[in-house]
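Labels for the chains are A, B, C and D, by order of writing; each one numbers its residues from 1.
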Amino acid sequence: MPNEIKGLNEECGVFGVFGAPDAAQLTYYGLHTLQHRGQEGAGIVSSDGASLYQHRDRGLLAQVFADQAELKRLVGNAAIGHVRYGTSGHNSIANVQPFLFHFHDGDIALAHNGNLTNAVTLRRQLEDDGAVFQSDSDTEILIHLIRKHIREGFIPALKQSLNQVHGGFAFLLLQKNRLVAALDPNGIRPLCIGQLANGAYVVASETCALDIVNARFVRDVQPGELIVIDRDGLHIDHYTTKTRLAICSMEYIYFARPDSIIHGVTVHNARKQMGRLLAREHPVDADMVIGVPNSSLSAASGYAEESGLPYEMGLIKSQYVARTFIQPTQILREQGVHMKLSAVRGVVSGKRVAVVDDSIVRGTTSKQIVKMLRDAGAKEVHLLISSPPFRFPCFYGIDISTRSELMAAHYSVEQMRQRIGADSLHFLSVDSLIRAINVPDAGDAPDGGLTVAYFTGKYPTPLYDYEAGYLKSLNEQERRAQGRLIK
Amino acid sequence: MPNEIKGLNEECGVFGVFGAPDAAQLTYYGLHTLQHRGQEGAGIVSSDGASLYQHRDRGLLAQVFADQAELKRLVGNAAIGHVRYGTSGHNSIANVQPFLFHFHDGDIALAHNGNLTNAVTLRRQLEDDGAVFQSDSDTEILIHLIRKHIREGFIPALKQSLNQVHGGFAFLLLQKNRLVAALDPNGIRPLCIGQLANGAYVVASETCALDIVNARFVRDVQPGELIVIDRDGLHIDHYTTKTRLAICSMEYIYFARPDSIIHGVTVHNARKQMGRLLAREHPVDADMVIGVPNSSLSAASGYAEESGLPYEMGLIKSQYVARTFIQPTQILREQGVHMKLSAVRGVVSGKRVAVVDDSIVRGTTSKQIVKMLRDAGAKEVHLLISSPPFRFPCFYGIDISTRSELMAAHYSVEQMRQRIGADSLHFLSVDSLIRAINVPDAGDAPDGGLTVAYFTGKYPTPLYDYEAGYLKSLNEQERRAQGRLIK
Amino acid sequence: MPNEIKGLNEECGVFGVFGAPDAAQLTYYGLHTLQHRGQEGAGIVSSDGASLYQHRDRGLLAQVFADQAELKRLVGNAAIGHVRYGTSGHNSIANVQPFLFHFHDGDIALAHNGNLTNAVTLRRQLEDDGAVFQSDSDTEILIHLIRKHIREGFIPALKQSLNQVHGGFAFLLLQKNRLVAALDPNGIRPLCIGQLANGAYVVASETCALDIVNARFVRDVQPGELIVIDRDGLHIDHYTTKTRLAICSMEYIYFARPDSIIHGVTVHNARKQMGRLLAREHPVDADMVIGVPNSSLSAASGYAEESGLPYEMGLIKSQYVARTFIQPTQILREQGVHMKLSAVRGVVSGKRVAVVDDSIVRGTTSKQIVKMLRDAGAKEVHLLISSPPFRFPCFYGIDISTRSELMAAHYSVEQMRQRIGADSLHFLSVDSLIRAINVPDAGDAPDGGLTVAYFTGKYPTPLYDYEAGYLKSLNEQERRAQGRLIK
Amino acid sequence: MPNEIKGLNEECGVFGVFGAPDAAQLTYYGLHTLQHRGQEGAGIVSSDGASLYQHRDRGLLAQVFADQAELKRLVGNAAIGHVRYGTSGHNSIANVQPFLFHFHDGDIALAHNGNLTNAVTLRRQLEDDGAVFQSDSDTEILIHLIRKHIREGFIPALKQSLNQVHGGFAFLLLQKNRLVAALDPNGIRPLCIGQLANGAYVVASETCALDIVNARFVRDVQPGELIVIDRDGLHIDHYTTKTRLAICSMEYIYFARPDSIIHGVTVHNARKQMGRLLAREHPVDADMVIGVPNSSLSAASGYAEESGLPYEMGLIKSQYVARTFIQPTQILREQGVHMKLSAVRGVVSGKRVAVVDDSIVRGTTSKQIVKMLRDAGAKEVHLLISSPPFRFPCFYGIDISTRSELMAAHYSVEQMRQRIGADSLHFLSVDSLIRAINVPDAGDAPDGGLTVAYFTGKYPTPLYDYEAGYLKSLNEQERRAQGRLIK
């Protein structure tokens, strides 16, 4: 969750409901629990069976709907909503979802979590055929593809279009009388279905959003599925049968809320187990275990339990760091002033501290944490990472698509330790990661039904538009290891 | 810290610095770490040796200084700042501190944490003598008293005035060439002194504010002291010698940041110790211990360690609950929808859960937490409170000055348990509380140098304006227990 | 200009410049003088030869660019801008112009003043062919048409597209290296070209926008012309030769700024002449002439001069009526409380007053003005309108496209007088209107080169999508008079 | 009214009502018509007979009450309001009126138009006696004086206080059951009384504010009067009998709204008469007369009528110049770009133009106007000022209290003409000014009951705190002319 410290950012969270009074309000609460998946923009589109109503803007959900009248305007029994992460360059309101498109034969709203790997190619083809795009977003491509085939009917057009787009995606579409959800053939992004007491169905990125609206969990959406919800209830269809589960492991490691259950695994439990296996693989000689709040606290408590070391609060995180916060000057920063994290001197002073963190991206935060703990008197600082080294980019919706920013892509573990300044540095192995998560739905899918390409370079899909750039970023040895050759 | 759930609210936090370039900026960072002490308003006054500069407004610090230009306008080497809690009724900008008063013989700024017990009487006397008040705040009384005596000189006038006001108070005053700090004769509110690398002195409500600006801790301000900081350095003076330490125990239990050190005691360690002693006094038969985030996590981990039960994350707290958040409808609330806290179903389902919380004020949050855990499948819910029952109001700066809101003032523990719906309910004893905190500076002060009147009704000072109302709120038995008689 | 009182609202104003440093800033000042043409939204797109930069929002220009940084971000030597009137229903930011479209082969910005009469038909055809529209605006149709033909090259595609759209239009298009302007075949909306001292060319809806940036007037854009401005200078081309001047007479009567010169006629002079001819056609027995500020002051002074009656200030207009103004309650309104206009008691009391106004749309303002003057003591109130009765809607960009709101469409002059409560009511004849304006460029164009269809029902073009609805709104007699038959 | 162009700014407008439902709303409309008297801040305090309610902020009235809920909160049958001009330096919200003071024996609200000449002295004395001021405003002094005497009762204390303050002032005070108005002994600032249909009384700076709330004019408040309005009706009292009418002539020349009637004189009529007498004193050989909009249009039409020259619209003023407007760069300004005024080329080109303006303060606007007209082709530009040269400062509430800014204090008329660049420059004589206004209430008061000290240096009162500085600003000759000697 602490996106400001990490360099990793999930692209989005989605929520939809069909058949419930105050659908927009339910969507608002659902999106609230998904806010950790995106803080740059939020929006809701509702339907009253006749028309679609939209409100969206940049900022946090509570800012976008600061005026309650905006939410009240979104009448009707169906709605979809979206929270968005976006890089500053493209952070115009035109890119805030859900998109709402008006056609003489009916309006369509669209919300998306994920990333398409053949977006550039598709967009160029569409523009050459006369298409006019209104956003920079990949998401809009789907609607243009649908409209190309619209004379065949909406659902057939949608199925054809879903077979044309590639990558990791979870789409929600709202028409005046229908809510549609679709998941990519590898189920890379999470998406689940719930049901309200009144029988209405809910679709959300994570189960925490079902919980807040008191919806009973029904099932996870499966790879390649097309879910249609209308007045007749829930229809489970599919647009492809060439599927293979490869859910993003970073959801378990870092992104998802600890109370969410993805493909049968409670995220907190998976993290605690990562901590336990980390303690077995890498026991350290220390006086206490501390976690980096908030996302690493589960793993830290697992490490503490397994190792028998006391679990302490050695770092605390401010609740009040706002986007508008005035940043410390360079001089203050060099003195170790950090707005978000503080070391607890009274706890760590004079002690050998084992710090558990969930991942290292650029390494800058790790370095600051080690300095902060030493400044507060820690005698030794051992850094334990509850995931493997993050060496390869994500092309499925996490905002790291180049290797240049990844510390582990360029340095050995020992080099990283030196740069970070820790007394020791250890990572969880890929095998232990898979074992800690242990997806029950995995069947015989490789890597336990997980995408672990960030650690291994072995992606579950072709990379299309990204392939050439990716290949160039690999060194000789990596290319061979992955069986990739530049022609 | 989670003020929205509790009914308790600290009145303020203060920060001052003299002799450092960018004094206002340092004050901004210092106030940032004190934001948990007040979220209703914030302000800074700086001095460049010739003039005083002010900016203050309602809202969080980051909102008040959303425009960085406002901070840059506050030039000079000295500054004081304030974060404020205020009830909505009086939440006008006129009450946001520091107050800045212009006089033909020099400006004075004033910031205050605490509450005066004879404010009504003093104000009435002053008004009858021609005084015109600009705020509803007690704080302003001090300046009117000072001006009454001003012909005797500023410091003598201040000392006289400090002997006229009663209650719990920590004052900071800024003149163009001087920073002054004063603490009440019982040291009820915390106040500490630090020193920057360049020799400049810093004064703050908590040591976490020293840490963020990299100031070395010098000492706590002692009861009855008057601290003057000017170009010649630090002068420790006093305005009274009739002093006796009675630091507010709620600072340790609930208000202060876990990384702060008050009178030699790290707050996290005190809380963890409360949890340990609670486990000794009230062991329960459970499968796990969970804490109510964030302020009860330390006590919960103490309880877990002492009891040998696993420490789990059974409740999580949203980071994104804003003041502007649209509240759930009554129906949703009855369904258990809670914006701030969520139970982790995958952790508590089917389990006997021991929940540690730091206090019960009105009892409404406790009731919601128990319901939430049961809805998530908990088999048993045992509620363990790491402080004694809160039965008597605070007149020294915590925003509970009537007994009507206090659940423990009206119900026995068993009655409370029933209303809250827990399987068992236990409180820490007053003796264990005193033992857990264990203030080393206490000497032979009663109650270990703490104010524990909230639990015992035995206040360290006369109550002045509040005495009559307080007496009326007591029943016969309580009056006798406290040796108080209505004439 | 007083749009709030009238029911008439011009759709837009446009401004463009190519070849000048700080092009966006010049556009800002140009748009400032065109603000009377639209107060609902404003925007600017600039080009630095490589990229296009956009800022637009709802509200007045000064609000949209309240943060000067937004204007500074719009770098480059070329820019186009737009001020927009829009009905509240469609007042989303998506409809605020200029529109900016991104294509892999280059961006295009588009701004439009006018209205297309075959927009519905074109849009339906485009959508059925797969087009996805992003706004409700007619304007966007042009870009979809262009993209359909884009493989033939941009200028040929644009010419083809301009022959497909019908109605009244003035388009500005900006590409990274080119500014293009196009006017409809009847020149219904005004558009002029100017030149800066440095040789850069400027295009604007009115000459007042040339004046403010110190541009020398070059020429009016003529019907059917396509103006291309690039590094090689100004290129005058055309996309059709089937043209006939029919400039909108309402520009002279009401919309345009009095200092603008349209097709050789200074607007103030035209209005003053309307007042003079009105005095010749309808002399009244009165003590003074007063005008309704601000748009009728020219005509009123003309009437006064011709009639020899004194010209007085009998009505004054508040400068401070904001959009956010809290409207008087019904009771206050019935008492004659009016936020915008006040009668000057000391001037009109006891007098016979001749009030000159430029037009009557719904008649509600006229009624209020008469009441206000009588309440201030006027003995007689004679209402003189410096244009003919407004009986037929405008389909070329003025926001009256139904007859239901037009008082003169439903009542005789005598009936209008009674409803308004004036002692007499007179209108200028169509012939005098044409004579007063006296367009020198008119040649042998009918109606002196003016569109006077609002008074006669004789439109200079077919009405396409509007024809059926318009026919239904006519009575038998009107249909015959216009030679129109319902099949 | 065009404050941005002039250097002159009225300090305030006041409005009060007692005994009418929705008193705050009436006050809002009243203040709306007084907005020309101050645009920097606005506020209203209402009373419901038990409590006083306040809202005030910086900005225009419509901005301050942009949220209608703020106005609705101000319940009760009585209210006072204020619009304020303030220089940027002191433009804090603390200075925005009405001030509201809370006392244990009842609240008091206070609004003021004018300026006290012995404020510095009084404030110093009060502070030395212990007073704490909350604003920089002179206004607050009155409340401190009242509280000094409060044990004698409110009205006696007020009368004593009014005899202690000197200068030009119109005060409104609101207590929960009473509205009080007081005017200085010379009646320098205007103040009038009206009555609503329901019998409630209204007090306002100008009669235009009576008109908008449909109040019947009752009488002007006379010098030295104290008006008390309560449930028993209107009580006319006085605090001094040493009075002599000297109403500020600038109200007629420039500040007041043309529809207001001050001491029996309609402002428009006075201005028109100034124009007529100016034409008699200074006929010029020209083709037309034009006025500088808006405040000089009355005088211009008077000049035109008297001279027989045509009255034309040669300058127009933009309605859309906002405070936030981005100012033209220096280069653009030098090119004559002016945001507020434009010359009408089609009117003035090739013509000899007589421009009538109401006053010259710094001369910069006059210079710009002349340049603008010449740039638009005017052959000759004759500047005619409908008041005498403004040579001496105002100490009674107009924001010019030093002579350094006044062009006429430093240059002869011929020197002014050269600097401004006009072909001729003429001013109205003091005698004609007095004759044009012709106050019927004047009796045998000197200067026709007007303050004309701005032109003559002969002030109707001693200058107290300002005397020394003023004397220093005079040259030998001026000192002698005024019979003033420096000791």
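Keep this in mind: a residue touches a chain if its C-beta (ideal position, glycine included) is under 8 Å from a C-beta of that chain, and two chains touch if they have at least 3 such contacts.
What you see is a predicted model, and the numbers here were worked out from it, not measured in a lab.
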Greatest Cα-centroid separation from chain B: which chain? C
Separation of the C-alpha centres, chain C versus chain D, in whole Å, is 38
Separation of mean Cα positions, chain D and chain B [Å, integer]: 50
At what distance in angstrom does the C-alpha mean of chain C lie from that of chain B? 62
Junction residues of chain C - those touching two or more other chains: none
For this structure, give each pair of chains that are touching. A-B, A-C, B-D, C-D
Using the touch definition from the top, list the residues of chain C that touch chain D in their complex. 1, 22, 25, 28-29, 32-33, 35-36, 39, 60-63, 65-66, 68, 71, 208, 211-214, 257-259, 261, 265-269, 294, 297-298, 301, 305, 310-313, 316, 318-322, 324-326, 328-329, 332, 335-339, 342-347, 376
Enumerate the contact residues on chain A facing chain C in the complex. 93, 101-105, 123-124, 127-134, 136, 140, 143-144, 147-148, 150-151
